[in-house]
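Letters A, B, C, D and E mark the chains as written, and numbering starts fresh at 1 in each.
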Amino acid sequence: MSDAVLETRGLSKAFGALKATDEVSLDLRPGEIHALIGPNGAGKSTLIAQVSGALRPDRGSVRLEGRDVTARSVEARARAGLARTFQISALAMEDSVFENAALGALGASGRPWRFLRPVARDAALRDRAMAALERVGLQDAADTPVSALSHGQRRQLEVAVALTLQPRAFVMDEPMAGLGADGSRRMTGFLDGLRDEAPILLVEHDMDAVFALADRVSVLVSGRVIATGTVAEIRRDPAVQAAYLGDSA
Amino acid sequence: MSLLHVSALTARYGAAPALFDVSLDIGAGEVVALMGRNGMGKTTTVKAICGMLPWEGTIRFDDADLAGWPSHRIARAGIGLVPEGRRPFRDLTVRENLIAAARTGDWTLERVADLFPRLGERSGQRAGSLSGGEQQMLAIGRALMTNPRLLILDEATEGLAPLVRQEIWAAIARLKRDTGLAILVIDKSVRELAQVADRAVILERGKTAWQGGMADLTPDISERLVGV
Amino acid sequence: MSTILLIEQVLNGLQFGVMLFLMAAGLTLIFGVMGLINLAHGSLYMVGAFAAAAVAGVTGSFVLALAAALAAAALAGAVIEIAVIRRLYAAPHLDQVLATFALILIFSEGTRWLFGSFPLYLDIPDALSGPVTLPGGIEYPRYRLALIAIGIAVALGLWWLTARTRLGIRIRAGENDREMIAALGVDISRLYTLVFALGAALAGLAGALVGAIQSVQVGMGEPVLILAFVVIVIGGIGSIKGAFVGALLVGLTDTLGGLFLPALFRLFMAPDAATQTGAALASMAIYILMGLVLVWRPAGLFGTRAA
Amino acid sequence: DGHGGLKVGMITTLSGGGAGLGLDVRDGFLLAVKQAGRDDIEVVVEDDQRKPDIAVQLADKMIQSEKVDVLTGIIWSNLAMAVVPSATAQGKFYLSPNAGPSALAGKGCHPNYFNVAWQNDNLHEAAGGYATSAGYKNSFILAPNYPAGKDALTGYKRMFGGDIAAEIYTDLGQTDYASEIAQIRASGADSVFFFLPGGMGISFLKQYADSGVDIPVVGPAFSFDQGILKAVGEAALGVVNTSQWSKDIDNAANAAFVESFQAEYGRLPSLYASQGFDTANLMISAFDVAHPAEDPDAFREALRKAEFDSVRGDFSFASNQHPIQDIYAREVVQEGDVITNRIVGVALENHGNAYVDDCKM
Amino acid sequence: MIRENVLNAGILLAFAAVPLWALWADEPFTITLATRAAILALAAVGLNIALGIGGLVSLGHAAFFGLGGYAMGILAHHAQTYAPLEIGPLTIAGTKSMPVIWITALVASALVAWVIGKLSLRTTGVYFIMITLAFGQMLYYFAISWSAYGGEDGLSIYVRNGFPGLNTLVPIQFFGLTFAVLLAALVLFAALRSSPFGLALNAARQAPARVAAVGLDPARLKLVAFVISGAVTGLAGALYADLNRFVSPTMFSWQLSGELIVLIVIGGVGRLMGPVVGAALFVALEHWLGGLTEYWLIALGGILLGLVLFARGGVIGLLTGKAGPHV
């Protein structure tokens, strides 16, 4: 299992008496989409927060490409190649679509301490940002302020910013949330192609998407992983059906 | 005789128009699905009805013209809203969330707790620390505490686990069956909408593109206007 | 230093703190509920004091003076809210800062225009004047004891109002999501006017109570305003409990700092220099306290969110 | 503009909290000019808002644009320190109707700078002198922690023969004195000297009266001026304060001043009004001799002679151009409904100031 | 509605034209007023870097203004008294040279800004406003009781400091100098805003979590902005002290910090020319209204209120019809 790009070992985090994540060990292998599903409040977002560095675990570790990054900050992990998207879009709302993408490119370049030359004249930044926008189909909206984007477009931009980082691994918290049926379909198609670039740890409640995309699925219930397996295995698992899927299995 | 009548509704955000010509009707006790792709104006329509946005055209509720009414007056007239994005009062406890909205009527803390036992269990917890599904239940419970005659659910199942979704749909079905509450429901899942709704209204770029009985919603209309 | 002096100073610190609380409570309520940084809060304090002085001057009754202070400040608050603040809820914070700054100018100079540049007379009622002897032989002004009692009563009342009544719950709900509470049938404009008037009335009450032992003059509100801000920030913005604890902390720090710091420096400095250095440090003490609290807890002692 | 007329620039505080003093100085000054009937004297008045930087810029304006010959009006020492040195360095005359910081009396004295009110220490020294003569042996003294406060305590100690029980610096602008009063109570002093100008003094006196501490209090006149006594009320009764002026000083000039001021403005004149009035009269007496721009030396010489009817009675200048004058002890008394001051004696006779020797002029 | 660039150029031209007119009309005080406006604008441009781009509402920027002022006051005082400044074993001669004073002011305020920023940036929102106020007040009270340099009375410098090649005592020359510094600061502001750093800082104001998620440290971005901002305001303080030939603790007062914010809001937050318009308007109003009535502050209050209520985005927002960033 040492070829895992991203790996958690025994991650535990408690809020008071509540164990939000409890000894969670997962891994993300090259080229795969690993879906993390589970009931509301199971601890998925809490896990993502620990993986991305926004939350310190009480116990356990996170490894990225074999290196222990548990003690590193969000920024350091991002620089080490971890890109995340947010469950609720976190974008600079007053800025244009291009500027948000350029921010990602700037982060990837690792050189924000340039005070005098305008971004617009920095070809490297511009190309990288535009390339990412083109891939999600937002190139025509580059000059639109984010506040004027529709919900679906904002989700696309979230992904585009992650793309500019050219990361080693993606962590996505509900990228389909709020997308309509055709939006979800398009996003599903897009993520499908993305896995060759870098593996994706995907938190999602949209079972159509999960079943279509995931190479493996882990099920988190009350902070614990109760099952990991292929889509077929998970759909058959009675414990998962009882805890999560109900009759949508 | 419809409970809510909307016609020729237009609305804008600043200078950008979002609704051009929306009309819809909801009769007493009726469940109507409001459908359409992303960004077609469903939420905007709801906001207009609830007085959260300036609008032009006609909106009548129970024969009263809602033009110029502030949103609290509309709510008191009997429209309960479960907003997009849940919007619980994060620093209040579950119980306080419900009390904040309460007005006298059939719906009480106990009855909401019967509908959503989970809320009863968590009554002392800060709403901000609830999970998404719990927050969604709270938002519905909170709207019911206003004892509305029309309940509006905007994406009430977004971000919820399948099992919880089923719970919410079951609750909606129960509301329909037991209380005769009129419901306007917006959701992504056409399949589930079809099970509870009597009629559907479909928006396309800020206009009502289709309305009719749920049974009349043929797959090609649905494919063309909703993408499913 | 004798124990008696120490106890007396602690009482003084408490009393000062309790008065600060009256100011801070209104400020924190208004900030918490409306997200409004109300620089004009000090002006309402001044309005209360001037109203009290004017009415006491005519009627000679302190009770009527207090009633007038409450009424005038509440009225001024309601007028400000309806005429100005209401139009600014959607505006950026800084616009509110500028608007309330403009209100300070208008109120201060308007008061000077009405009442002249000289301080006004407002005195302690006879029933509360003079010292009482407390157990242990401590002589302490009766009026200051009354202030402590009033402050604590108001604190309890406010806590009950916000935590236990439906009005309080709705006020706090409004802090979280104004649009949503309106969409649930609460008349948010009226609620806000009410909260603003309530906060203003508290400031006016403080102004009148304090005016009886201090100088009733134009500009009296500004130093207190800064202290009240210090208090609510230490306590955690929006929290009544925080305002109370913060006020007591600031009151005690200020009073005891002024007492002990010079004494402390006298241990290892020439008396002259010690007095001055000590006094200098004492005047910085509450700001140092605030700095320390915020470095340690960036959202104040009882703050739940970063405002 | 071809001289002849005299142009006076008055920079004083007319808005905000400290406006009362500036208004009185202005009114006293303008009254004297009016009474002199001189329409060749023009007074330009500007509001410094009690901000030193504004005062400096106004002085620039007076000098550069208005081309005034004489400057006056500043109330506060820190503003005077900001304005006076550069004004006199530019050859203008400055006549101070109030602020008299020690720096301008000693090393920083200047031939073109005259103080018509006092050297800042004067009233404090007088308080010390009075306390000694009243037989006090042990004083508790307090003042705000700023230069004028330190000067005040120094001035008191200079003339006070007894011991100092404790010396306390309060915050500038402090409004609550409970802590200080408690310390006074515990100190065992037989007298209290305080210098707390403006609202600070009002607060202190009210709180002191209510505390039940009955150690006698002495202070400079600032906290006992007519306008302030109205706000303090009975709490001030019996307190002895020192002043170079009082409305009951018995001379013709003063009686006429008090009456005409009341007639003109409908209120009793204050100490500050008397100083503004004297300043103007001194200036006019010198202008009768020479125009400051045409013959500055003669004008200066005439100022030094101080040949005008001061409302305080005898008035002359020490060599550093600060007053030599009697300073009275006054007691706060009730006359009918009005609480006011009554002279109870002379605290210091023909008193100059301690900085004469530092002034090399 | 006017294009912002055209408007900006017009504002600068007008700003430079007023003192030239005053020179021609022999109104030297108007030049002094314009100089005052230019220096206040410079201080506000400094604050605008932190506030307008970074969203850091500092109510303690008077700290830097005062530090710059005292850098000038102390150095010139020692030069004037021929008594070198002794700090421990170090002996530093005072100076009357503006460039040296400027560098001292820049370095001193940058260092202090770094310390204040480091501690204050742990907080956000109103807490940040108040903690910066607290630091400002600490310095204010310190300056008041620092009797070595005049305490409350401040320090007077008899002759304005010198700048190579200029006679700074001539009002128009001193104006020219301050105007040049202001222009340089405006260029810096414009460059910062469109630079990669500005992009990241601007995003750190709106969505700090996003900035961190792309690998940039929002706290460090803000700290650097705060330091640059403090340094520029410090430089303005040194110039202001030179304008008045005087420093006093009022330069540290919270009212001054508030005034700097007010200037920016009047002109337009985050706008290149916001501080310039705000300062010019404020100084002009102060001067003009003050001449009309004793109660001119009421009128000023009314005008400010009118601006807030009817001109979203300040004067520039009003003229260009765009509201500008939300802070």
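FYI, a residue touches a chain if its C-beta (ideal position, glycine included) is under 8 Å from a C-beta of that chain, and two chains touch if they have at least 3 such contacts.
Everything quoted here is computed from the prediction, not taken from an experiment.
Chains that count as touching both chain B and chain C, per the definition above, do not exist in this structure.
With steps allowed only between chains in touch, the distance from chain B over to chain D comes to 2. Touch-path distance (fewest steps) from chain D to chain E is 1. Most remote from chain A, judged by the distance between CA-atom centroids, is D.
Among the remaining chains, B is positioned farthest from chain E, on the basis of C-alpha centroids. Centroids of chain A and chain C (each the mean of its C-alpha atoms) stand 48 Å apart. Centroids of chain A and chain E (each the mean of its C-alpha atoms) stand 43 Å apart.
Measuring from the averaged C-alpha position of chain A to that of chain D gives a distance of 74 Å.
Taking each chain's centre as the average of its CA atoms, chain A and chain B sit 30 Å apart. Counting partners per residue, chain D has 15-16, 19, 145, 150, 172 as the residues that reach two or more other chains. Annotation for chain E: residues 144-145, 147, 295, 297, 326 touch two or more other chains.
Chain B has no residue in contact with two or more other chains.
Pairs of chains that satisfy the touch definition comprise A-B, A-E, B-C, C-D, C-E, D-E.
Those residues of chain D whose C-beta lies close enough to touch chain C in the complex are 15-17, 19-20, 23, 145, 150, 167-173, 175-176, 178-180, 182-183, 185-186, 198-200, 202-203, 206-207, 210-212, 227-228, 230-235. Residues 27-30, 32-33, 36, 144-145, 147, 150-154, 156, 158, 171, 240, 243-246, 248, 250-251, 290, 294-297 of chain E touch chain D in their complex.
The touching residues of chain C, counted against chain B in their complex, run 166, 169-170, 172-173, 175-177, 179-189, 304-305. On the side of chain C, the complex with chain E involves touching residues 31, 37, 39, 84, 87-88, 91-95, 97-99, 101-106, 108-110, 112-113, 226, 229-230, 233, 237, 276-277, 279-280, 283-284, 287-288, 290-291, 294-295, 298-300, 303, 306-307. For chain C in complex with chain D, the touching residues are 2, 4-5, 8-9, 12, 15-16, 108-109, 112, 116-121, 123-124, 129-131, 139, 141, 143-144, 210, 212-220, 223-224, 255, 258-259, 262, 271-272, 275-276, 279-280, 282-283.
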